[in-house]
Every structure is written in C-alpha cells, then in structure tokens.
C-alpha cells in the first residue's frame, strides 16, 4: 500500500480539528494563537499535497504555502503585539477576563 | 512499505505533540510541543518533494514563530501561567465541534474522487520557485512585502503604545 | 530494501560525525581554547595530563561522567532535561551539509542537499529554542535573564548571517554547499566583486561570532555578571552537552565560513612565485616577532606560531607547484587548515576585544549590519544584471 | 527513491542518532554518579544569597519588539533565497522587482528606527 493524497488529507484534517479544539477551548490568548498556527499548518499540508498529486507540474501550491507562512508570521507578530498590549493595560491575557466591551 | 512507515511515524510526530499543545495545563510545555509538530510537518513536505518549503518551515515556524510565542509567554505569564486554569467552560462544546468537523471532513474525503495526475514524481527546485515568484506570481511577491511592512508598523504601534 | 541500507549508512555516518564533533569539536576545541588562552596570557595552559596536556579534556570528560545531576527545586524537570539535547542535536544536524573534501572521485559530504545553506541556517535557528527552554526551566533569575538575552542576541544576528550567506548564494547561483565550493574554482568568493565579497565575509563572520555567543558578543554567558547565563543551573554531563553544542556550532560556523568564502576543500590555485613570496612574508613576520623586542608581547605569540606554520605550508606548496604536481596536498587537509584558521581567529578575538554592551550589540546588528547586508545584496544584484 | 527523500532521511536519522548518543552519557551518569538530595543543594544559585520570590520576574517589552522585527525580516529573507538563485537568468527585470521589494521593507526598517523600536534604553 502506497501513500496517496488521501493519507495526507486525513493527517491534515486531524491537525486542523486539533487546532480548532485549541482555539475554542483555551482561555490564554497565546494558546489560542498556537491553535491558529496548527490550523494554518494543516492548510499548508493540503496545499502542498494537492500541488504534488493533482498538478505536479506547477509550483502554485508551494507558492501559496510560502505566502501562508508569511501571513502566519505576520498574524503571530500582530496578534502577539495585541496580547502584549492587553497584558499591559488589563494585566491579564485570559480571554474570558478581557470583558471591557461586554455588558 | 517504507514510505507508509515514514508517513505513519511523521503523522504521530505531528499529532501527538499537537494534542499536548491544545491540552497541556502548562503553557510553556504547550509552546515547546509546537516544535515537534512543525518538524513533523517539515517531514511531510519532504515526502511531497517540496524541499524548499520544508527548509522555510523549519526556519520560520520552528526558528522564528515559536521563539516569538515563547518570548510573549515569558514576558506575560511566565511561571504563574503554569498554575492557573487554562481552559474556558467551552471544553465540551469545543470537543463536540472539533469531532463533528473531523467526522464531516473524513466522510467527505472518503466519498471524493480526486483528479490525481499520473506520471513520475516531480522534481521541484528552488530555481523553479524563484522563477515562478518573479514572473507569474510577481504581484503576490510585491504585495507580500507590503503586508510585511504593514504588519511591522502595526505591531510596533500596538506594542509600544503608552510607553 | 534500498531504504534500509540507506538508514544503516546514515546511522554509521551519524555516529562518525558525532564522534568527530565530540572529540575534535568539544574535547580538543576546549583544549585548543585553553592552550591559546594560555599563550595569549603568558601562561602555559594545560600541561600535566599527558604530553603537553593533550589528555586533559579527556580526563575532564571522565570526571564529568561521575558528577551528580542536580535539578533545582521547582524546576520543570522534563524541559530542563530536554534543553541540552536540543542544543547538542541542532549542532550535530548542521554538519549534514558540510563538505569535507574529495576522495576517490567523490565529495566527502554526508548529503549534498539542494537547499544546503538554507538548511544550515534553519538548523542553527533551532538552537534558540533550546536556550530559551533551558533558561526558563531552571527557575533561576540569572538563567532566565541569560536565556532571554541570548535568544534576542541570536535572533538579531540571524538576519545578517543570512544576508552574508545569501550574497554567496547570489554569486554562486546555487544553495548547495558543494555547488558553492565548485563555483570557487576560479577564485575565492572573498575576492569576488571586490570589495563586496570582503564586506559579505565580514558580515558573516561578525554574525557567526554572535550566533555562537563568543566574545565580543558573549553577553548571554558573561561569566562575570550572569554566571554563565542560561546554563547556570546545569551540572555534570548536561553542562557538557551544552558545551558540545556550543563548540559543535562554533566549528560548524567556521567550516561554513571556509566553504562560503575561502573555497572549502579547494587548493588555492597560485603560481609558484606567489607561494614563495607568501612564504617569505610569513618568514619575515615570524623572524621580526622572534628577534625583536616584540617577542615579549604574548599577544603576538599565536601570530608567531601561525607564521611558522605558514612558512612550512608555503614551502611545501611552492615546491609542489614548481615541480608541477598540483594539487599538492590532499583536499581534506585544506579544509581543516581553513576551518582551524577560522576557529583560531575566533579564539584569538576572545582575548583581544572587550565585551559589547547590550545596546551596542543590538545597534550593531540592526543599524549597521542589516542595512549594510541589504545594500550589499542590491549592489551585487545591480552589478551582475543591470550593469553587465 | 528520489534524492530529496534520501537527503532528508539522513537528516532524520541524524536527529534520532544524535538524541540517542546524547542520552547515552546521561545514562552513564545516572549509573555512576552519586545521588544525594539535600534541600540546600536544590536551591538555585543566586550568588550565595537565598533566592526569594519567583524567577519569573517582569521583563522589558523591548525583548518582544526585537523578536517582532526579527520575524518580519526573517520572512523577508525567505523571499531572497529563491531570487538569489535565479536573478541572473531573469536579468534586469528580476533586479528591479527585488529593488521594489526591498525598498518597501527599508521603509519598515526606517519606521522602526525613527520610532525608536531599535533603541535599547
């Protein structure tokens, strides 16, 4: 039995769901960002796997993966800057305690 | 046979630490568990012959993003973060949603016939990616630098406020 | 089963490279460091264990094997134990792409990866995680401060390092380390597109020194203020693993430097008269130091020994070239000569420059090296495409 | 097997063998070395003063700023690698593309510089 496209898709979907679980259940803002990184990684596996199996002649999937890695880095930078700002003004980074806008 | 074994090992290297990432009570352990996950994904990229992306994955994810996350943990919660509750009250809901989504995706996967191309495995090179970036995808290439600029400016503005 | 055979081969090579790192890199690296420090400070250095103290560091290793491991109270034991492994293994992985020379018509390199130099920087960047993990898990204020400092220093200098390497990749047109060495058959990259090659080499060397946390960029360890920084709490063999990682990384950087700018294993292709001239120059330097009042300046002792070695080397090369026997010396020897010259340079710097302050260090990286590296790349790009 | 896979198989094996070989001396130590746990021994080293409070003190936000700028420029560097290998074949056009790319990032660097994000005070 050889490894095919479906194998990669199964692994990536499991990774995606784990990331989703992390995003939905964590109360630490940094941990939520970690969950998002897992989900982005899962998406990248899909892109590269489709590139390899569906359109092996092109490099589009890899280009998109590189762009997503770039966006993930930007997202982490800005997101963590927000976490730092929240921590400095509210002294907490737990999302269930940040409720200034709630009433 | 060897390929399947490698795939199973790499999937385990990805998924087991990923479970620790989303469940560990210790936030630093969660963050450090990201590293094996990212390295396992690197392995999958290699199995898919995307060597350049694999190198970038190690450089950016393992070498830069994890470091950034660790920095923020150490600057905010540090040691105290290991003692407090790390999950909200949404655990059952989140578990249900994630399981349901996984189920949905797996069912879809089992029913879909992908248009898999035949032929020998491709050989990708850095040169190919460079050429693609500088010709067909030149707009993406230039816009990326704008995105980087904007996120740099934005992050500096946010992080430096009230100093 | 071709893959089983490859795995067996890989295991053999891994054991070989690890032994090389542990013996040449860590044990004799430390010996060399102590000996050279001794010379420069008008001491003799290790001399009691074995002839010329050659067995000193082996004795040290045996001693370290019997030392108790102490895990501090309330430290995170799991991370505390894993951190030295990360640093040591990252240093070992660097060596996969270093070409040692040629023998029997093939290049002596573990694997010639297509993305060689990118791979090297990627593996070097993993060290930062090990350092942060060590600093955090020790539950020690010095260790955490040292870890954070070290990490911010290493990440600051990763970019100039990459820019120096990229310059070489531009000129060579490839990322493979073997390809880069082969592209230097016409001359070292140090002298390509003068003076930009020199600038790239300076960028690389400065950044590499900072990456391996050596003086003048040794703030993370700073024995005198942070009591060795992130590994303050590590004892016995765990400490030795950090040392192994550090020296492995240092030798790796020196090896990469020789590959990138000094032609790797290639023999310099110079005419006989130039070898004679170089030999005479070295002889002149050696004689001047030996027979003038300068002989009492111990800082110059290493130069004296280097010049003497240079005279011998140049004499052999001049004779060989004159009798038309090029390549005269085995490629492996050239690689080691260049690598050890760079290692020696790093050790010499340690006793020549004072430690930088943190703000000076970061200014140097972000305000000098980074713009200089980017402008260097653009200028080279301009010269090689538009201006041609 | 394709070259890429074999290359990285070696990398993987190196990582595993490296871990095994670094664990071996630790096992030897575990067998040879004495183990005597005293509370004083487990104190962290703070120049002889008995440690107080938590090690996890508050650190300067500047550490984060440098990490942030690092991530952005590290990402920029990944686009330089493919460019560096092909710019000669593509000629002047590729050079101008990279010029635009780098000038935009230079603006970011100058912004960070002017805003004092590169100062360590």
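Every chain is named by a letter (A, B, C and D) in the order it is written, and numbering of its residues begins at 1.
Keep in mind that, in the parts below, a residue touches a chain if its C-beta (ideal position, glycine included) is under 8 Å from a C-beta of that chain, and two chains touch if they have at least 3 such contacts.
Bear in mind that the values here come from a model prediction, so they are computed numbers and not experimental data.
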item	value
A-D or A-B - the one linked by more C-beta pairs in contact	A-B
Whole-Å gap separating subunit A and subunit B, where each centre is the average of the chain's CA atoms	6
Subunit A and subunit D, separation of their C-alpha mean positions in angstrom	20
Euclidean distance of C-alpha centroids - subunit B vs subunit D, Å	17
Subunit B: positions in contact with at least two other chains	47, 49, 51-52, 56, 59-60, 63-65, 67-68, 71-72, 74-75, 78-79, 121, 126, 129, 133, 144, 148, 151-152, 155-156, 159
For subunit D, residues contacting two or more additional chains	4, 7-9, 55-57, 59, 61, 63-64, 67-72, 74-75, 78-79, 81, 84-85, 87, 94, 102, 105
Multi-chain contact residues (two or more partners), subunit A	66, 69-70, 73-74, 76-77, 80-81, 84, 88
Chains touching one another, given as label pairs in label order	A-B, A-D, B-C, B-D, C-D
In the complex, subunit D residues that touch subunit C	1, 3-4, 6-11, 13-15, 17-19, 21-23, 25-26, 28-30, 32-36, 39, 41-47, 51, 55-57, 59, 63, 66-67, 69-70, 73-74, 77, 80-81, 84-85, 87-88, 91-92, 94-95, 98-99, 102, 105-106, 109, 113, 118-121
Contacting residues of subunit C [partner subunit B, same complex]	1, 3-4, 76, 78-79, 82, 113-115, 118-119, 121-123, 125-126, 128-129, 132-133, 136-137, 139, 144, 148, 151, 155, 158, 175
Subunit B residues touching subunit C - in the complex, by the definition given at the top	2, 26, 28-29, 32, 35, 51-52, 55-56, 58-59, 62-64, 66-67, 70-71, 74, 78-79, 82, 125-126
Footprint of subunit D on subunit C - complex, ascending	2-3, 6-7, 10-11, 13-15, 17-18, 64-73, 75, 81, 84-85, 88-89, 92-93, 96, 110-115, 118-119, 138-145, 148, 151-152, 155-156, 158-159, 162-163, 166, 169-170, 173-175, 227, 232-233, 236-238, 240-241, 244, 358-359, 362-363, 366-367, 370-371, 374, 377-378, 381-382, 384-386
List of subunit D residues in touch with subunit B within their complex	2, 4-5, 7-9, 12, 54-59, 61, 63-65, 67-72, 74-76, 78-79, 81-87, 89-90, 93-94, 97, 100-102, 104-105, 107-108, 111-112, 115, 117
